[in-house]
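So, here come the structures, one by one.
Next come two complexes built around chain A: one with chain B, the other with chain C.
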Partner chain A sequence: MSQQTDRAEQVKRLQRREGWRRRLPLVPALVFTIVVTQVPFILSLWYSLTEWKIVPPEPRTFIGFGNYVDLLDNRFFREAVWTSVWMTVSAVLLSLLLGTLLAILLDRKFFGQGFVRTLLITPFLIMPVVAGLVWKTQVFNSSFGVLNWLLDSLWFERIEFVTRWPLWSIVSVLVWQWTPFMMLIVLAGLQGQDQSVLEAARVDGASSRAMFFQVTLPQLRPYLELGILLGSIYLIQVFDYVDVITGGGPDSTNVPYFVFQRSIGGGWQFGQASAYSIVVVIASIVIATFGLRVLSNLLEGEKP
Partner chain B sequence: MEVGKKRAVSFLLGLLSWAVALVFFFPIFWMVLNGFKEEIDANTDPKLVFDPTFDRFDEVTSQTQGLLGFREAFMNSVWAVSISTILVLVLAVPAAYALAIRPVAKWRDVLFFFISTKFLPVVAAILPLWIIARELDLLNTRLVLIILYTAMNLPLAVWMLRSFFSEVPKELIEAAQIDGAKLRGQITSVILPIVAPGLAATALLCVIFAWNEFFLAVQLNPVDGSTIPIWVTSNVSTRGNFLAKLSAASTLATLPVVLAGWLAQKRMIRGLSMGAIK
Partner chain C sequence: MAEVRYENASRIYPGTDIPAVESLNLDIPDGELLVLVGPSGSGKSTALRMLAGLEFVDEGSVYINSEDVTLTPPQDRDIAMVFQNYALYPNMTVQANMGFALKQQGVAKPERAERVQEAARILDLEPYLDRKPKNLSGGQRQRVAMGRAIVRRPQVFLMDEPLSNLDAKLRVQTRTELADLQARLGVTTVYVTHDQVEAMTMGHRVAVLKDGILQQVDRPRTLYSRPVNLFVAGFIGSPAMNLVEVSSEGTDGLRLGSLALPLDEQTAHDLAALDAGDYTVGVRPEHLQLASEGIAGEVTVVEELGSESYVHVTVEHQGGPLLLVVRAEGETMTQRGDNVLISCRGPVHVFAPNGERIGA
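Right after this comes the complex of A and B.
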């Protein structure tokens, strides 16, 4: 009897040791990630409950949810939220649409296919700051911009695009950079298609339109979802483009830029700015919940 | 007739692809071209014919006392990017091993945790980071960017590497075990050769994101330790013409990553999509 319990205990101990041996390689990465990403976030949460101005230095005082109440009737914050929403949604959807069309164009043999693909992915590799500056000074600019030269040659009036449509100017640059990314993902999806299903549909005499909507599109779905997910993660955080294209202002200050302006960028209201950033976190959690569901669909059925 | 029509359509679609690609590439072509112009040729109606010159490249790379120089910014970027990428791989490879080859019990939850940190906006962490960095005297140092770029790229790397690792056939590892290979032997002779392309793709993506990063650099390193993106923006001046100079600077700043991306594009396509959907 006692021998049996001994053995059971030994097995348990061995299992536990095996469990830890498996976990060990994970520890450094986990600890690093927790320290660098979660600690600042918790501090942010605490700052957001205080009134705290850093320049000129003032003592920090606890004020509870005061900052959040203020923020509800701050018109500028509400505008920044709308700008963020418009910027992210329109840039993600437009680049996904364009990227899908381009992927379909590229997924067939033609002269110089590899070269065309190389040209098309290049915008994604360009530094965002450079992309913003080049578009602002050499494409949109009303005196020297290529676009305005084109308008002029076609007998239209020159337009100062960035001042007239700040939001859409930024969105165009975002779409220019992210279309190649979406194209790469959809292209991978198209090339990974189950050929036997396509062949079967062809044998059954399906028209090419029916093939696309009933065979190809459903197979592409996880790739499209992945594109939306990654696009939203990166685009909701856009800062560089706003900074170099407009430097903030109505219709171009999104939430990240707003937080920057209210804190390190000159406002120095750390308590208030933290409250703004916590709102971004909550919004991101909403997206994340949706996003993680997409991810778990992606991982579904996969056996470790 | 039918065949001829099909061929014509195919030809037109190819032509369309070329046209779209040229339009997409045009701003980059224009940027490079403007870098070889005199300011007076750049600041006028678009010109295709001009006397090319390297003077702008000389100007932007020459040192001016008290200003952020190209060499300094370049070295800062090289350090921050290379060390952080190495750190990412050092941390992510064992993690990916523990998630794919000998998976821990709740590997899905752990993977979710890593990815979920990517959803936390950097802007929500920047104030505490700034304060912590100021307390630790890390503002304006390379070290602070190295740490943060590692944290920024780690989740993506874990995610991508896990799927590359899970492509390693279990039978191969078992066979190596039966042949008496120790863990080290299994890793160097079986696992690494298979995941090497995946490692390269992951490293490349980390390099691209770190090289192009601007927000953290400008918040935490505005003075010393500034990287290439900050150097580019320093070439925008409020007085006088700067278009050609800015173009030359932009060309230099983007060149390394663009070349690397061109060389590795096929692997990147695979890396990005397999990373998630395999």
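Right after this comes the complex of A and C.
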């Protein structure tokens, strides 16, 4: 009996040593990640509990949850939250809808399919700042923009899109960039479908419409959820597009941009700005938790 | 209830020259269970999918109930299919899976529920109606796939290796249940398998395919006792028939080593009319026996199966070693290394160099 426990102890020790041998090479990366992400985060947590202004320099004073309490009364913060929600929700849902339609198109074979797929993916490969600049100067611009050239040629009046619809201008760029991402996720779902299930549905007499809504779409559900969650996590922290396209202003200042405005963007209120960013982090964590749950469901579903 | 007919039906996959199925002619009468059997790549699944409408028919026609359905899409053929991996709808319960086809036909909900219930009773699936497929065992999934087919009361059942994902014991049990169910329902059934035992035990008739070409279609017993060519002879039967190349020496008949083979009259007569040359002789293990006289050999392996045993014996034949499988009693005393004598009581099958059967 005691010999058995000894053996079990030995095996455990061996396993532990083997585990460390595999993990050791990862330690430098881990240390680096902690230094550049977690340490600043903990500092932000601390700053969010203080009143701290840099220009003109004032001593940092601890005020507890004062900044968070003030948030609720701050009209500008509430507007930024609504802008964030609108921007994220509409961009995610529109890009998901378009992405799904394109994925269905790409799921069937046609001549030049690979070429078309590559072309459709390219918007996703462009840097956000570049995308924002291109849209601002070449598409929306009232003098040089393609849209206004089109309006002009059709004898309509020119429109300064970004000024008139700041939020929707940004959303359309976001949709343009994120549709390929959604398309790839949905395409993976479509191509991961069991072909014989579709054949069974055909033999069972299902019309194309019934097949899509009763067989394909329910099977795509985890993929759609995944797209929504990954998209939300990313789009809730969009900053570059806002900065480049509208530079803030009413209706397009979302929370990350508001944080920027309040801190290094001219407000210099680092305590307040930290409190705002903590709120964004909490929101992201909530969404990410759902996301991970969906992801694990997806992986579980693949087991026979 | 329907009869099915293939008429010179061919399928040539795009990008290939060799047909997957070549001019298939088959008549399947109403209520028959016909098994398509062959090694992988023989075109048996393709032939089935042509009947289902899931595969195009490039030449020839397919008829169900003397109606030409060659160009009819699968949903209008009134057939039900059971797939190898069952292809259940993963997002639907057992009940919804079984009722799916009826729902597509616009059958009202109460009647749908009733028919699903009835099928579930036949298949012992009643306790599982509200489960999703992923919460069922392999055997239960297989029964749901069957249920989905019988709920429809289709003209024809198509089954594509429906038992190959079950473990050996369950497969044998389900095999008989399936054959019984088919007989009770009396629905014309085309059944594809690569397992010749399954084919022999289930089929009213069995069609053997090889390289897309139909070799022979007959009742299992005839297939076993009168294979039309070398391929069928070697494919049907377990353990396989002993196939030996033998040179004929004019009118002297055929000899296996020193053993003269007993040929029936017709075969001997037909053989006499042919030139001397190399023929292939086939003798089933049960038609050879360990005896007190005959050809001498040494035992290499004894396979004990309980009720019978198969003795592998190396004999000398035309200047080289030759392995023969002989059936012996269940409790044989024979061991590896024993020297034994083998005699042959016939029947003996003889095949020409091109593989065709000689004689009746």
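Here, the second predicted complex is superposed on the first by the 262 of 304 C-alpha atoms of A that agree within 3 Å, B and C clash if a C-alpha of one lies under 4 Å from a C-alpha of the other, contacts with A are read in each partner's own complex, and residues count from 1 in each chain.
Just so we're on the same page, a contact is a pair of C-beta atoms (placed from the backbone, for glycine too) under 8 Å apart; a residue touches a chain by one contact, two chains touch by 3 or more.
All of these numbers come straight from a predicted model, not from anything done at the bench.
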| item | value |
| --- | --- |
| Which superposed partner A:Ala210 touches (first chain B, second chain C, both, neither) | second |
| Contact breadth on chain A, by residue count: chain C or chain B | B |
| Which of chain B and chain C A:Thr118 touches, first, second, both or neither | first |
| First (chain B), second (chain C), both or neither touched by A:Thr61 | neither |
| Partner chain in contact with A:Gln15 - chain B first, chain C second, else both or neither | neither |
| Partner chain(s) touched by A:Leu30 [first = chain B, second = chain C, both, neither] | first |
| Which of chain B and chain C A:Pro128 touches, first, second, both or neither | first |
| Touching partner for A:Ala201 - first (chain B), second (chain C), both, neither | second |
| On chain A, the residue positions that both chain B and chain C contact, one per complex | 304 |
| Contact set on chain A toward chain C in their complex | 194, 196-197, 199-207, 210, 214-215, 218-219, 221, 301, 303-304 |
| Touching residues (chain side chain A, partner chain B) in the complex | 19, 22-26, 28-30, 32-33, 36-41, 43-44, 47, 102, 105-106, 108, 110-113, 116-131, 133-135, 137-139, 143-144, 146, 149, 176, 179-181, 184-185, 187-189, 192, 222-223, 226, 233, 236-237, 239-240, 243-244, 255-256, 259-260, 263-264, 270, 273-274, 277-278, 280-281, 284-285, 287-288, 291-292, 295-296, 298-299, 302, 304 |
| Partner chain A, residues of chain B touching it in the complex | 10-11, 13-14, 16-18, 20-22, 24-28, 30-31, 34, 42-46, 91-92, 94-95, 97-100, 102-105, 107-108, 110-132, 147-148, 150-151, 154-155, 158, 166, 208, 211-212, 214-215, 218-219, 228-229, 232-233, 236, 243, 246-247, 250, 253-254, 257-258, 261-262, 265, 268-270, 272-274, 276-277 |
| Footprint of chain A on chain C - complex, ascending | 52-54, 73-77, 79-81, 83-85, 87-92, 100-101, 104-105, 134, 148, 152, 158 |
